[in-house]
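Accompanying notes for the structure given below.
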Amino acid sequence: MIKTISMNECVSLIKPGMSIMVGGFMAVGTPEHIVNALVKSDVKDLTLICTDTATECNGVGKMVVNKQFSKIIASHIGLNRETGRQLTTGETDVQLVPQGTLAERIRAGGTGLGGFLTPTGIGTIVEEGKQIIEVNDNKYILELPLRADVALIYGSIVDKAGNVFIQKTTRNFNSIMALAADLVIVEATKLVEVGEIDPHLVMVPSTLVDYIVDMTVLEVE
Amino acid sequence: MIKTISMNECVSLIKPGMSIMVGGFMAVGTPEHIVNALVKSDVKDLTLICTDTATECNGVGKMVVNKQFSKIIASHIGLNRETGRQLTTGETDVQLVPQGTLAERIRAGGTGLGGFLTPTGIGTIVEEGKQIIEVNDNKYILELPLRADVALIYGSIVDKAGNVFIQKTTRNFNSIMALAADLVIVEATKLVEVGEIDPHLVMVPSTLVDYIVDMTVLEVE
Amino acid sequence: MSRNSELKEIIARRVAKELKDGYMVNLGIGLPTLVANYLPEDVDVLFQSENGMLGLGPAPEEGFEDKDISNAGGQPVTIVPGGMYFDSSYSFGLIRGGHVDVTVLGALEVDEKANIANWMIPGKMVPGMGGAMDLLVGAKKVIVAMLHTAKDRPKILKVCHLPLTAVGAVNMIITELCVFEYIDGKLTLIELINDSKLEEVRTKTEAEFIVKL
Amino acid sequence: MSRNSELKEIIARRVAKELKDGYMVNLGIGLPTLVANYLPEDVDVLFQSENGMLGLGPAPEEGFEDKDISNAGGQPVTIVPGGMYFDSSYSFGLIRGGHVDVTVLGALEVDEKANIANWMIPGKMVPGMGGAMDLLVGAKKVIVAMLHTAKDRPKILKVCHLPLTAVGAVNMIITELCVFEYIDGKLTLIELINDSKLEEVRTKTEAEFIVKL
């Protein structure tokens, strides 16, 4: 099974109206080349799920500046003024979610849970409109799972079957997002033969990855 | 901070009435030397949380034969006839939990969640006495977190600060149990200097580990 | 080879045809394990073992066992290139999350509503459900692989009598006689195998079923 | 050094005394980050960075940055021997699960009931809560490290006015003037620092507090 696709093919898979999860934390561990190609493609009306919107000139922040999102679900937008502006004017529907809750909602979406009870946000506006459940005299918010049409993830080393190793702090949301989307595309910084990644270091199994964009080839082109 | 303790010190920490989580799957990845020492110590009235009770002559199965548990929470007991016998006679309170639910309950106990919604067990006796919550027309069981007084875990390579690497399929429940107990003791098959384990391969951070039983020393003794 | 072993081989061979290239597959203990032996040459699947690995390989040669790599029965196995190790919460995350394309399990009873009972016989045998309840609920496709009857008594029933392992979870039943599929929620006979006759299937099946051969 | 920088240094030095050997510590962005510089020699702690590592080390020398190791502000950092990398769900599992012994955060407002507001000013600034809500709820001990007032207006109030980040979550407040602790749920002044006087603390604090110097 050949999973490598060109950047053009990758871009053609992202269509208006889709929801996309994008890995990365302040753009560290974001599949930056795919994001750049999406900026160029100018596809609009997307829903973004990403822990932050980076800055105006980094990661998904560039797509915010390019007004490609009609909805954004994130935990932090403070370092990208354009996101704040779009929130204030109402141009974009921005939903803020505590970061741990966001991670857990994505994990729940990817692992078949119907939701989970978290103490995070109790007594704050985060609990508004949500079911509160008491367990052993403690109050928890019932938070629901989150999934997306597409996950765009970053891979430090990817093998040709699609196994992914994501090094150091580039891992962040990438590995859990790979569980929670119908279509998973990985940007491979380095592509190796199957069997070259230590099975202890595989962070996304090959069967979850639909397509690989091989940057070693694209950078040569 | 010196965390290494002798096997005698380790055994003295496990007192009657305590609940213990023990890693391992059919005794693969069980801290077998600690278990052997506990059999010898004959400490009774413990609650065991372990995915299975192995066989009569393996892992925690030996402690079952020695009648050291007043309560057992497990997903499978079928390969240890003594557990089945104690269940049938009522000598031991045996609670059977689906394996995925057991793993998730331990993870919830270790990560501060108040519970989670799982589809596993709906329509079976597993749902008896539990709250059923409907989300988007699907029924889920609300399962609650599980914690223990002590976690006894297995380490393939442990550094002197307590960072743990657990190789191949010995990992199973070990790494999540380390999150969910008040006292965490690791049986170190190999002890190395701090910094010798690749930070990507640390599966239990040193700050979670209270004590290390160093088998390289004990085996020489 | 005993008569029973022959029948189990027939079942395993037929189940193997359901596995497609790129699938993640979990095989239960016993008969289902045999399926791995009959995988077509051109089909590449990864076997998931719920105790903590993807890419379960064949049993090692004697003397080459690695005590740190085992399957869900605790037996020594190997890992294939492109495999992965993980902890139990990730393992069941894969299972419950629908990332296992096919699971193959045995059963004591299956019924018209796709219910299955395979984890206990009250007062007689209470081994525990292990990972079966999660696999039944989570896997995309559940194939029950079993002998059609037990001591000549039907196992495919109108309604299960034993405590259920899961409700409405079964997609396909493969026995030494035939293949059933639940189509639009209805038990449907889609194939006769091993030269069996429709009449024989009818006799040995308590459940009502539609025939679409 | 500016007057403000001096005050922040005073606060950071005092916070550092709260960190004990073997602790897992999470420092917020800004003033709290300075705390790492004043750790006593004989105290070994591991700094947790919620973006995915334990064992946050000092910033690398210029030219030696590794773009794949960053802190929660996205700035290049290093990892110390004995550190660990993990994904975001594990990271917040550690945080929410009470495995972070101390977290140090800034605040816009704190009140008598240990409530804290530090994530938004309606109509003016909505950066998002990031990991702050989880840290406040999950860490064993929450230390608010901040200047005592903002533009001469008290920040330690009877009741927070801004949208809360967490309810009853704060354990200690350390400013350039003093240290408050919540003892039996009551805001208690336990220490004056930097030669400050009780009267000055009273003037600059709106909240009522007990004095136990």
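Odds and ends about this structure:
Read from first to last, the chains carry the letters A, B, C and D; within each, the first residue is number 1.
Throughout what follows, a contact is a pair of C-beta atoms (placed from the backbone, for glycine too) under 8 Å apart; a residue touches a chain by one contact, two chains touch by 3 or more.
Values in this document were obtained by computation on a predicted structure and should not be read as measured data.
Chains touching both subunit A and subunit D: B.
The chain pair B-D and the chain pair B-C differ in C-beta contact count, and the higher one is B-C.
With centres defined as mean CA coordinates, subunit B is found 33 Å away from subunit A. For the pair subunit B and subunit D, the distance between mean C-alpha positions equals 35 Å. Here the spacing of subunit C and subunit D, counted between their Cα centres, is 54 Å. Here the CA centre of subunit B is 28 Å from the CA centre of subunit C.
Looking at subunit A, residues 104, 107, 112-113, 118-119, 167-168, 199-200 sit in touch with two or more other chains. With touch defined as above, residues shared between interfaces to two or more other chains in subunit C number as follows: 53, 79, 85, 92, 95-96, 137-138.
Chain-to-chain contact here is organised irregularly, matching neither a line nor a ring nor a star, and falling short of all pairs touching. Touching pairs of chains, sorted by label, consist of A-B, A-C, A-D, B-C, B-D. Interface residues of subunit C facing subunit A in the complex, by the touch rule stated above, are 21-24, 44, 46, 53-55, 79, 81-85, 92-99, 101, 137-138.
Chain contact summary for the complex, subunit B toward subunit D: residues 1, 107, 110-113, 159, 161, 163, 179, 194-195, 199-200, 202, 205-208.
Touching subunit B in their complex are the following residues of subunit C: 49-53, 66-70, 72-74, 79, 85-89, 91-92, 95-96, 115, 125-134, 137-138, 163-168.
The part of subunit B that touches subunit A in the complex is made up of residues 104, 108, 112-119, 133, 135, 138, 140, 142, 144, 167-168, 199-201.
Across the complex, subunit C is touched by residues 25-29, 51-52, 54, 74-79, 84, 87-88, 96, 98-104, 106-107, 118-126, 156, 167-176, 203 of subunit B.
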